[in-house]
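Okay, got some structures for you below.
In the two assemblies presented below, chain A is common to both, partnered first by chain B and then by chain C.
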Partner chain A sequence: MAQEKLYLKGDKLLDISNYEFKSIKNALRIGREKTIKKVKDSGLKGRGGAGFPTGIKWEMAAEVEGKEKYVVCNADEGEPGTFKDRYLLEERPLKVLEGIMLAAYAVGADKAYIYIRGEYSKSIEIFSEIIETAREKKILDANLFDSDFKLELKLIRGAGAYVCGDETSLINSIEGKRGRSRIKPPYPIEKGLFKQPTVVNNVESLCCAAEVLNPDSEEFSELGIKGSKGTKLLCLSGDLNKPGLYEVEFAQITLAEIIYDLGGGIKGNEDLRFVIPGGISTAVIKAEDLDFPYSYQAFEKRGSSLGSGAVIAVSKKHDLIDLMLNVSRFYMDETCGTCFPCREGNRQINKILNAFKEEDRKIETELISDIGNTIRLAARCGLGQSSLNFITSVIENYGKELKFGGKIYA
Partner chain B sequence: MDKLKSLFYQDSLLEKLHQIQITYGYIPEAEIENLSEKYQLARANVYGVISFYSMFYTEPTGKYIIRICDSISCHLNESDSVLRAVKSYLGLKSHQTTEDKKFTLEVVECLGHCGEGPVMMVNNKIFTKINKNKALEILNDCM
Partner chain C sequence: MLRAEIDGLNIELEEKISILDAAKKANINIPTLCYEDGLSIYGGCRLCVVEVEGEDLLKPACATEIEEGMKIKTHSKKVRDLRKNLFELIIATHNIDCQLNCLTCSRASNCELKDIAEDIGLSKMRLDPIKRGDSVDNSSYAVIREPEKCISCNRCIRKCEEVQGIGIFTTANRGPETVVTTFKDRGMGNVECTNCGQCILSCPTGALHELYQKESVLDILNDETKHVVVQTAPAVRVAISEPFSNQAGDISTGQLVTALKRLGFDAVFDTNFAADLTIMEEGTELIDRINNDGKLPLFTSCSPGWIKFIEHFYPEYLDNLSSAKSPQQMFGAVAKSYYAKEAGIDSDKIVVVSIMPCTAKKFEAKREEMAGDVDYVLTTRELASIIKSAGIDFLNLEESEYDELLGVSSGAADIFGTTGGVMEAALRTATELITGEELGKIEFEAVRGLEGIKKAEVEIGGLKLRAAVANGLGNARKVMEMIKDGEEFDFIEFMACPGGCMGGGGQPISSDKNVLEKRQQAIYKIDKSKKMRKSHENPYIKKLYDNYLEKPGSEIAHKLLHTKYKARKI
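Showing the complex of A and B:
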């Protein structure tokens, strides 16, 4: 039976008087450079979806000169199927706070922001209380544990826009603009918030960094395999008997075990058709191909990605066109509209799929794949670039079953 | 949450808009004027920001904003049947408000409770594992 490995997940961490801040104390003791080196050596990759190495991001940010430097915690969790950051914000906010402090200390920032999506009202309430108590207890806004490090942290609530999960869109949103992505370079590391060097890290990444620096969990950095280190929070949903949040060690569990052991298998008497492994911006993995260890590289090898950790099981009872339309509507509504291939492309895909459903028209699969490639090449942000991964992968894997041009019944 | 207002990033236009939205239930024209002066932005720019975010309104909303998620995980758990029931019960399409200004309906994307779908939000309160009947009960409790 597959086992969970619990580091990020655990008892509630809400009482600041009983929280020891061991990781940040450790960091203050060993200094900035060693802190960054530890995170770098841990092989930690960003957990928001893009998987950029956190230590390298911190190292680059530490080296850049700027009038001010900022750390932004990206808590604009919006990828359908994902609820891990909400869990961390609601149940383990002190770990999140400590992660933000670590990042700020490591890169030499004295101002930080946490941007929580507007729909997460409970997270906003809990985290604002944490900030308030941290100020009272002189954890924030004061020289921390008699060091020369002092951090000011502010909370921003989003207002309903998926695309603000992209780091440059998020920065625009904090600045009070439309949440449109920016052209890169310059990367936020050089010129981010208010044109100053800015590190944007996902909630889970920051909590992982706190584990890396925690003297009580030194083994954390040893977990997993090269290229996929530590643990990952999985958000299981869809047609499963036991959906919910789980934490696993990389490469020590297969996707099949995740679905059938942790997730308790498929509801009712249905069979699994495929798994969406990392939210709707990732390519599907067929039910026949689940027997591989959960790691960044294993998904990459299969042309997909572990994305945000949203593992969605889809059984055979669902109509594939209906699902593609659902995903297509999402991107049509949520594109920020800046890059026209993403804006118009997603609208056209929706039109093509609707015409197929309503008028029994032929689907031009080549056209869909052309549009997909165009968006992938031309969109500025990762959210746009990956917007057709689900749809094109369903067509690649199940195009014949859909009987394009004829009557569908998947 | 109001006592914690000072913790939010006060200088930000986004936060100002939130506060106006909470005060009036929408963002009135006069406030847009004020913001445009305060931030030295054309009114069109302020509108541009407002219209980008789905939680801001320039028209009065209902007393209860009903948000129902229809993203993939909820959809797999039959959120569409909840939606059909709620739409016909309230006589509304998405983004519409009842004449008595009691309910505004929003079909929304992921609310982050995907393991407990379908999910519905009434103002700030989340309801998980709903079905048609539960949804209608929740609406009745608002009456």
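Showing the complex of A and C:
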């Protein structure tokens, strides 16, 4: 039976008086450079979905000159099926706070923001209180533990746009601008928030960084395999007997074990059709192909991604057209409307799927394929580029089975 | 030195530039839609995407800087196929259908989208047009918006914000509901729009165009009971041939007059005449303000876009504006009084039509302070369209002269059509009137050219006149801020449009990058070719004062030729 490995997950961490801040103390002791080196050596990759190495991001940001530097914690958890950041914000907010402090200290920022998804009322309430108490306890806004490091932290409540999970859109939103991605380069590390060097890290990434620096869990950095280090929070949902939040060590568990052991298998007497491994912007993995270790590279090899860690099990009882329509509707509504391929492409895909009729089973797969390619190759940001991953993978894998008329997606 | 490869060609560059600019240098055309020279990079349409070796995703050429060693393919199969697919998506949102079709579009003869379709070799359209059901915004006296045609390329937004410094447009909503609109969807007539029409010049879809008065003018020309006179602004004669010849910078004053006569106007006059008159009134006002400690600096008041701008944004400076009406309005007032009397026509029967390079003139004609001076305003584009529809072979027309009385003008009036021209015309007259001596060199080079803001100190007799010239409202704002910061001037010329009237929002939409230079050179050439180059030398202006207006600034001159302004809200 596959086991969880608990580092990020655990007892509630809400009482600041009893929290020791061991990681940041450790960092203050060893200094900025060694802190960054530790994170770099740990092989930690961003947990928001894109998987950029956190240590390298910090190192680059530390080297850039700027009038001011910012750290932004991206807590705009919007990927459908994902709820790990909410867990961390509500149950382990001190860990999140410590992660933000670590990043700020490492890159030399004295101002930080946490941008929390607007719908997360409870998270916002809890984290606001944490910030307030931290100020009172001189953890924020004061020289921390008599060091020369002092951090101001502001909480921003998102206004409900999925695109603001994209770091440049999130930055626009903090600045009070329309939530839309910026053209890169310049990357936020060079010119981000208020045109200053800015590090944007996901909530879970920051908590992982806190684990890396935590003297009590030195083995954390040794977990996993090269390219996939540490642990990963999984948000199991869909047709599972035991949905919920789990923490696993990379490469020590297979996707099949995740579904059948941790998730307790498929509800009722249904058969699994496929797994959406990392939120709805990732390509599906067929039920018969689950027997591989959970790691970044294993998913990449299969043309998919572990994304945000939202593992959604989908049984055969669902209508595939319904599922595709659901996902398509989401992207159509959530594209920011700036770039033409994403805005118009997702609108047209939705129109095509809506026109599907059970009687003739005709669906213009060639057109979907052309539009899908156009969006993926030419969209302005990650939202657009990955918006058709689910739909095209369903057509690729099940087009024949569904007996779609017209040319099958190739 | 930076080396890269584009479509197999080795290129060397002195500095980092965009792939788009680098390709241009190598004589490679990459299609663009949301890109426009002089505006910030938007990166929305993605038509300019290219393949960069080693990268899976395509890169927008407008927004990607070329790097050392980059190998770029601008027209590979991958790129070409993608552009076609993408263009299908774009066209579907442009809503071409039976009601909203190409034949009635304001851009029928110079459609950017059609050009792009040709450039990318579009061969099929698999998608139905999307009907959003947006209603037409006809809240403005000057500019109409048909949102159904809008593809949200953002060019109008950027033009208004970045060049004109105003920003009446914004993007609203998200997803498929994303639209370009005005604040709270109030409509262009109910926001701080100056009616300059620069957005029309930027719109690739025909979603923006002037409020048409073509049909009304054709109707009135058929009305036997009316005496219809027409005036033509200085900048029209150097642009009206463009829709016929597709080339910029030709002077076709004589053909313009012939065409108007053929269309049936009862008298063809010239706004230039009124420009000379403006110099007499405004020049007198300037001298008076200088001599009698009046409010300085004096601001010119010819440009109605500028007038609405200052009324909205700098109402505390309204007293600095010359009280002189613009030439268009002076002409109307004179036509319906002096001309009516001289020609023995009942002024009620006289209809005044203006041909203007300007959309704001349509608004100006409707201002309550001057209502009735001018009845209809057509843009240069509208006139070209009427000429075409009347079957007139414009380019081959014989030349005719303007009708006398209100049709003779000096070279000083001609240069009103360009930035710096009103200033130069005023300086010519003011210098001679103050010093009593004839000018040696007649050109004031310091106020010539296309620079956004020009400053000059001019010696007139013993007086040092501190002059400034601003064109484009973004520059107007800069000059206003200089004044607020304490910089001192005596006389400032403001024109709302980049380049002045010749770059007006009612001018033909040109694909020639140097169109403004060419039109400006043509204007200077007309001035130079004239024997009479100073407003106060115009014998018909002298006659007007002798027979009717007495002298510049007289009571009757004030009644007919001067106006008031009002503060407007933001």
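What we mean here is this: the second predicted complex is superposed on the first by the 400 of 410 C-alpha atoms of A that agree within 3 Å, B and C clash if a C-alpha of one lies under 4 Å from a C-alpha of the other, contacts with A are read in each partner's own complex, and residues count from 1 in each chain.
By our rule, contacts are C-beta pairs under 8 Å (C-beta built on N, C-alpha and C of every residue); 3 or more make two chains touch, one makes a residue touch a chain.
Keep in mind it's a predicted model, so treat the numbers as computed, not measured.
Colleague: Tell me the contact category for A:Arg178 with respect to chain B and chain C: first, second, both or neither.
Modeller: both
Colleague: After the superposition on A, what does A:Ile395 contact: first (chain B), second (chain C), both or neither?
Modeller: neither
Colleague: Quick check on the superposed pair: does A:Ala298 touch chain B, chain C, both, or neither? Answer first, second, both or neither.
Modeller: Neither partner.
Colleague: Applying the document's definition of touch, where does A:Phe83 land relative to chain B and chain C: first, second, both, or neither?
Modeller: Once the two structures are laid over each other on A, A:Phe83 reaches chain B alone.
Colleague: Is A:Gly160 contacted by the first partner chain B, the second partner chain C, both or neither?
Modeller: After superposition on chain A, A:Gly160 lies in contact with chain B alone.
Colleague: Once the structures are superposed on A, label A:Ile253 by its partner contacts, choosing first (chain B), second (chain C), both or neither.
Modeller: So A:Ile253 meets neither chain B nor chain C here.
Colleague: Name the contact category of A:Ala379: first (chain B only), second (chain C only), both, or neither.
Modeller: Once the two structures are laid over each other on A, A:Ala379 reaches chain C alone.
Colleague: Residues of chain A touched: more by chain B or chain C?
Modeller: Counted on chain A, the partner with more touching residues turns out to be B.
Colleague: Between chain B (first) and chain C (second), which, if any, makes contact with A:Leu306: first, second, both or neither?
Modeller: Neither: A:Leu306 stays clear of chain B and chain C.
Colleague: If we overlay the two complexes on their shared chain A, which of chain B and chain C does A:Ser128 touch? Say first, second, both or neither.
Modeller: first
Colleague: So chain A touches chain B in one structure and chain C in the other; where do those two contact lists coincide?
Modeller: 161, 178-179, 333-334, 336
Colleague: Considering only the defined contacts, which chain A positions touch chain C in the complex?
Modeller: 161, 163, 178-179, 183, 185, 332-341, 343-348, 364, 367, 370-371, 373-374, 376-380, 385
Colleague: Hey, which residues of chain B end up touching chain A in the complex?
Modeller: Per the stated touch rule, the residues are 1, 4, 7-9, 12-15, 17-18, 39, 48-49, 52-56, 67, 70-73, 75-77, 108-117, 121, 124, 126.
Colleague: Using the touch definition from the top, list the residues of chain C that touch chain A in their complex.
Modeller: The touching residues are 41-47, 49, 56-58, 60, 63, 65, 78, 81-82, 85-86, 89-90, 92-93, 126-127, 130, 151-152, 171, 173-178.
Colleague: Could you pull out which chain A residues touch chain B in their complex?
Modeller: 77-83, 85-86, 113, 117-122, 124-125, 128-129, 131-132, 154-162, 173-179, 235-239, 243-245, 276, 280, 310, 312, 314, 318, 323, 326-327, 330, 333-334, 336
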